[in-house]
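Pasting a structure here, questions to come.
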Amino acid sequence: MPEPSPQKDAPVILETRAITKIFGGLTAVSNFDLSVHAGEISSLIGPNGAGKTTVFNAVTGIYRPEEGRILFNGADITGNAPHRIVARGIARTFQNIRLFAAMTCLENVMAGRHCRTSAGLWASLFQTAGQKKEEARAVEIAEERIRQVGLWKARNDLAKNIAYGSRRMLEIARALATDPTLLVLDEPSSGLNPRETEDLMDFLKDLIHREKVTILLIEHDMNMVMGISDWVTVMDGGQKIAEGTPTEIYSNPRVIEAYLGAADDEEN
Amino acid sequence: MEVFIEQIINGLTIGSFYALIALGYSMVYGILKLINFAHGDFFTLGSYLGYTVLVFGSAFLTSHFGLWGGIMAAAAVAAISVALVGIMVERLAYRPIYPTGRLPAVVSALGASIFLQNAIMVVWGPRYQAYPAALIPNIHLHWGGIHVTLLQLVILILSLVLMGVLYYVIQKTLFGAAIRATALDKDTAALMGINFNKVIFFIFTLGPALGAITGVMVGMYYRQISFTMGWNYGLKAFTATILGGIGNLPGAMFGGLILGLLEMFGGAYISAAWKDVFVFLILILVLIFRPTGLFGEKTAEKV
Amino acid sequence: MKILKLFACVSVLVCMGMPFTAVAAEPVVIGLQGPITGPWAYEGEMAKRSCEIAAQLINQKGGILGGRMVELRVVDDAGEPKTGALAAQKLVGQKDVVAAISTYGSSICEPASNIYEKFKKVNIGYGVTAVRLTQRGFKYFFRTCGRDDSQGAFFAKAVPAKFNAKRIAIMHDNTAFGKGLAEDTKRALQAMIDTGKVSIVYYDAITPGEKDFHVTLTKLRETKPDVWYFTGYYAEAALLVSQARGIGITCPFVGGNAAINDEFVKIAGLENARGCFMTNEPLPADLPYPEAREFLNAYKAKFGEIPSSPWPIYAADALNIIAHAVDKTGSTNADVLAGYLRDTVDGVAGITGPIGFTAQGDREGVPFYLYVVDDKGKIVVSK
Amino acid sequence: MENKAPSRFTTIFRSGRHSLPVILGIFILYPFFAGDYYIDIAFFFGIYALLGLSLNLVLGEVGLFDLGHAGFYAIGAYTTAILNTQFGIPVLLLLPVSALAAALFAFIVCSPIIHLRGDYLCIVTIGMGEIIRLALINNPFDLTGGPNGVFGIDFPGFGTLFVIDSSIKFYFFIWLVVGLTAAGLLRLQKSRIGRAWNYIREDETAAGAAGINVRSHKLLSFVLGAAIAGAAGNIYAVKLMGVSPESFTFWESCLMFCIVLIGGMGSVPGVLIGAAFVSLFPEIFRPFAMYRMLVFGTVMILMMMFRPGGAWPRKRGESAFSPLPGKARQSDA
């Protein structure tokens, strides 16, 4: 069972107020509230098509919600461009991995350093002292992140040539390279074998303690959700049907009926 | 008022040529997402072959099939031979390049276009050729001040018929569904048992053949053909396909007709010199507000 | 392997570039720069043939400078400014080339003549009618063909009177030649416009290479012109006339000097071409001069037909006048030749009539005639 | 796009550091042994190299489908022609001015359409190129001289002190500009801006999610590419002492497209090889007149068949960071 969550006293860093997203007649998400507290691992679960990824895409600026507000550390980031949201400190990974295939792993992680560096055209063209120092620093940080996810040996291989599990970790490394305060992971364990999922859980728990980072993740793997989440929010049909600690959720009838009920006859 | 109607008919005539070529163009383009620059040259080749058949075989043809029969025969010969050339170009220039991606295919298409254009010049010579006037019915019709030639009507009707047939084949028949499926997702369609090679064979025969028939029609209507005319028509067909929305055959048809009307409007009411500038400006405005063309479905980015 | 191939061809270029200083060039070499490839390949081909015939005739009569043969060296400039400059550079680089016949198309001749001027080599334009070419004070540039403004002046003098036309429509094709002629004609008509005798009811351009002009012609028809002047090339002219007759434009059609030839009659068809007029320098077939007769017979003997436009004949005359200048001055020095052409050449018998040059290098006294396509499709001088 | 390990050939050549001085040597000595005609061919090779490098920024680095790049080339050339012939501004000063004019035009025109993707952007760039060419022919406000173009441009130089007017001077002038541009691009490739462009080429959405302002970087590549093409237009106009619309057709844009693809997307040496092929081939085979274009088309097809990545594809790998100071880069794998 997870330690007592630092849930209620920590401040809310991410809050969505009644956000609604409609795709040509289909209401994918309808006035959905979510609040994530600093320093916790918060999970968003629900059956397929519940609108989880749509919420993620609204939070990270890929879609603009038709109604509702998204606040990050109190600031309204509704509809901001993705790169401005990353600059504010929200980094994300994708459900189906999106890496820069024909570039090396190190270059992929270096992408994260982009918003933390500032060399302009002039500095880059004339390689000013500042630019060189900044580049060297960026490479060092990227290399730390790659070691952190255990891909140091593959840093000069092309992203498309490395194993599937490594690609997941590389995408996380890229997100971490932006020094985020909120890490948004979209089904990070999908496609991983049980041992890799265990490693991922340990990695995330360790991350919470070592760095001041909050994690919001979409997950289907129940023992991962129950294993590391401090708070769980359940969606179905684009609406929130329940939220609470993992233990509360595990025994909540509506959740079971809407979601876990179907899971009963599934062999876990 | 009649002038306006007459101008509309003029616009539609140009539009129907663009539409037919755009149809042949977007069949290849819809499926392979390949900008087939060579399509303009299939059109030119068809026009020249039609010319050769009409000039050398005219005595034989008209005696056996009569005036219109002769023209039909010329169009048929042109269509079949250009279809064969289409297959050859696909096998030699395009097939080895599919796996490498879209951009190299554009260079290969440009290469094929240059090759075909110069081959036509080498065979038929750089001079303008002219369809024999004697073989072409030159009947003028006057309806209340509107001047229209019989040929103009025949071409309008024939284009609509061809478009209708193709629309029916693509939208309503099983094989049409196979083509549309391959256009949407080549690999999944193959998994569903659709033989990709058969689809390729079909589009690379029908597309160029359609271009060839249009070439003969243009040769008949304007009587003057040159080996470089394909380049201009090819560019207009590509514009019409995009205006209509990529991969959308009916869209290409309407895109062509609309393009013809736009040219008419620009030429008649602005100035003939600024006609094409007007057309391209309209195209850019359309794409700014509808980034996937007039009839292209607005696909949300699947993340 | 790739880079080595690149150096191989670069080094080959290097040694080919070495000027051949071997045996003194026996024949007198005259360069011809023309559009052998590109959109005007047909004109280039005819110019090449005409110059070959001209050289052949001179050599048959014993050549020049007491027996030295005239040799033609042809360079392709593909009808495009960049390749035009390159072709000029090529001919200038070959020291044995005495003078150059260059070229067809005013905007190609411009960069080329700059290079000939810098390297002091006589160059004679044969298909370049833009007025500005001889207003640059060049010492070595001449042309054997007429200028747009002289043709425009002839139109203003002859055409309104012949058809007692009040409403004139002018249409050009936005090419250097077509637009230049249209503007010069408009300027020539200005006097008559000011006195109200004549008015320009239509002035617009078509896009070259287009096929369908119904839209523009319908607009033209609404202006009800008494006479319609088209200053573009024969390909578009044929389309315009056949489509115009198709939509009920009956006013007389007058073409510029590049608009009507037997190709025009073939494409437009006899029933449309019949009764079309053209302002033009004397056509090959109508050249009354003995030299023209001799040239055309030799050309027909070798190629089975005579050139269908005036430009190749001017190229042949350019070759003749260069050979004549070299023969009479006995030297191949550019300054001597340029001086001779400018000051002494006056009324020298040429295929296109007496040849003489003004101080700026323009062809003197180019007569213009009004031609018409007769019932049998022949292009004859109209009375 | 498939990026096989660089072939044996490129590795040998790369490692042979002595090769660079050899190339430089030949480049410097060449004009003194060749006739003016061959120097001019090398000059136009330089022009196409500059144009190739300018399109490489848009097509090679960012993967934007631009088939109207000749429009910027035309703007640079006409800006120089008009400002020099009508206001007498010295041509060398007009080099940066025409680059700026093309860059400004690119910024204004591309801002509303930069969001378009793939083929839709392609047709808009074609449209833009045609609009510019047709506008030049129609001679608005009597500025562009219509189909006759604008002629009588002076030679570049510092007053009468040093004037660039001979083929040799033009040869060194163009290749100096090409050298500077290539050096600049190589540095950009190794900077965060260069990497940002490549991220956008690989996956635009992921690049945005990684913190890259996709829109501004795309616009920057168009503006920079246009500036370099404008500069090429200036040098071309000055060499021919005049400009006319025939030189800026849709076919020129296609040639630039081929240079980048045949050479290798994002590869500076590749673009130089592509430019060599596109400019030298027609000239070497000029005597074959009609047949040379048949061969040209065939070679284009064969190149894409056997070297889809280009003649000299860009080598990815740790070399991308080699110039950086600090720890040895040898991977201990």
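Labels for the chains are A, B, C and D, by order of writing; each one numbers its residues from 1.
We take it that a contact is a pair of C-beta atoms (placed from the backbone, for glycine too) under 8 Å apart; a residue touches a chain by one contact, two chains touch by 3 or more.
What you see is a predicted model, and the numbers here were worked out from it, not measured in a lab.
Comparing the CA-atom centres of all chains against that of subunit C, the greatest distance is found for A.
Relative to the whole-protein C-alpha centroid, the nearest chain centroid is that of D. Set side by side, A-D and B-C show the greater C-beta contact count at A-D.
In this assembly, the C-alpha centroid of subunit A lies 49 Å from the C-alpha centroid of subunit B. Per-chain Cα centroids separate subunit A from subunit D by 41 Å. Computed centre separation for the pair subunit B/subunit C is 37 angstrom, with centres defined by C-alpha atoms.
Centroids built from CA atoms put subunit C at 73 Å from subunit A. Counting partner chains per residue, subunit D has residues 1, 137-138, 205, 290, 293 touching two or more of them. The set of subunit B residues that touch two or more partner chains comprises 121, 126, 273, 276, 301, 303. Shared interface positions of subunit C, defined as residues touching 2 or more other chains, are 41, 174, 205. Chain contact summary for the complex, subunit A toward subunit D: residues 60-62, 81-83, 86-87, 91-92, 94, 98-104, 106-107, 110-117, 119-121, 123-125, 127, 131-132, 135-136, 138-140, 153-156, 158, 174-175, 178.
Contact residues of subunit C toward subunit B in the complex are 39, 41-42, 45, 174, 204-207, 209-212, 214-216, 218-219, 222, 235, 238-239, 242, 246-248, 263, 266-267, 269-271.
Against subunit B, the residues of subunit D that register as touching in their complex are 1-2, 59, 63, 65, 112-113, 115-120, 122-124, 126-128, 130-131, 134-135, 137-138, 205, 250, 254, 257-258, 261-262, 265, 290-291, 293-294, 296-301, 303-305, 308-309. Across the complex, subunit D meets subunit A through its residues 1, 3, 184, 187-188, 191-196, 198-199, 202-203, 205-215, 220, 224, 316-318, 320-321, 324-326, 331-333.
Those residues of subunit B that touch subunit C in the shared complex are 3, 6-7, 10-11, 13-14, 121, 126-128, 130, 133, 138, 140, 147, 149, 218, 222-224, 226, 228-229, 232, 263-264, 267-268, 271-273, 275-276.
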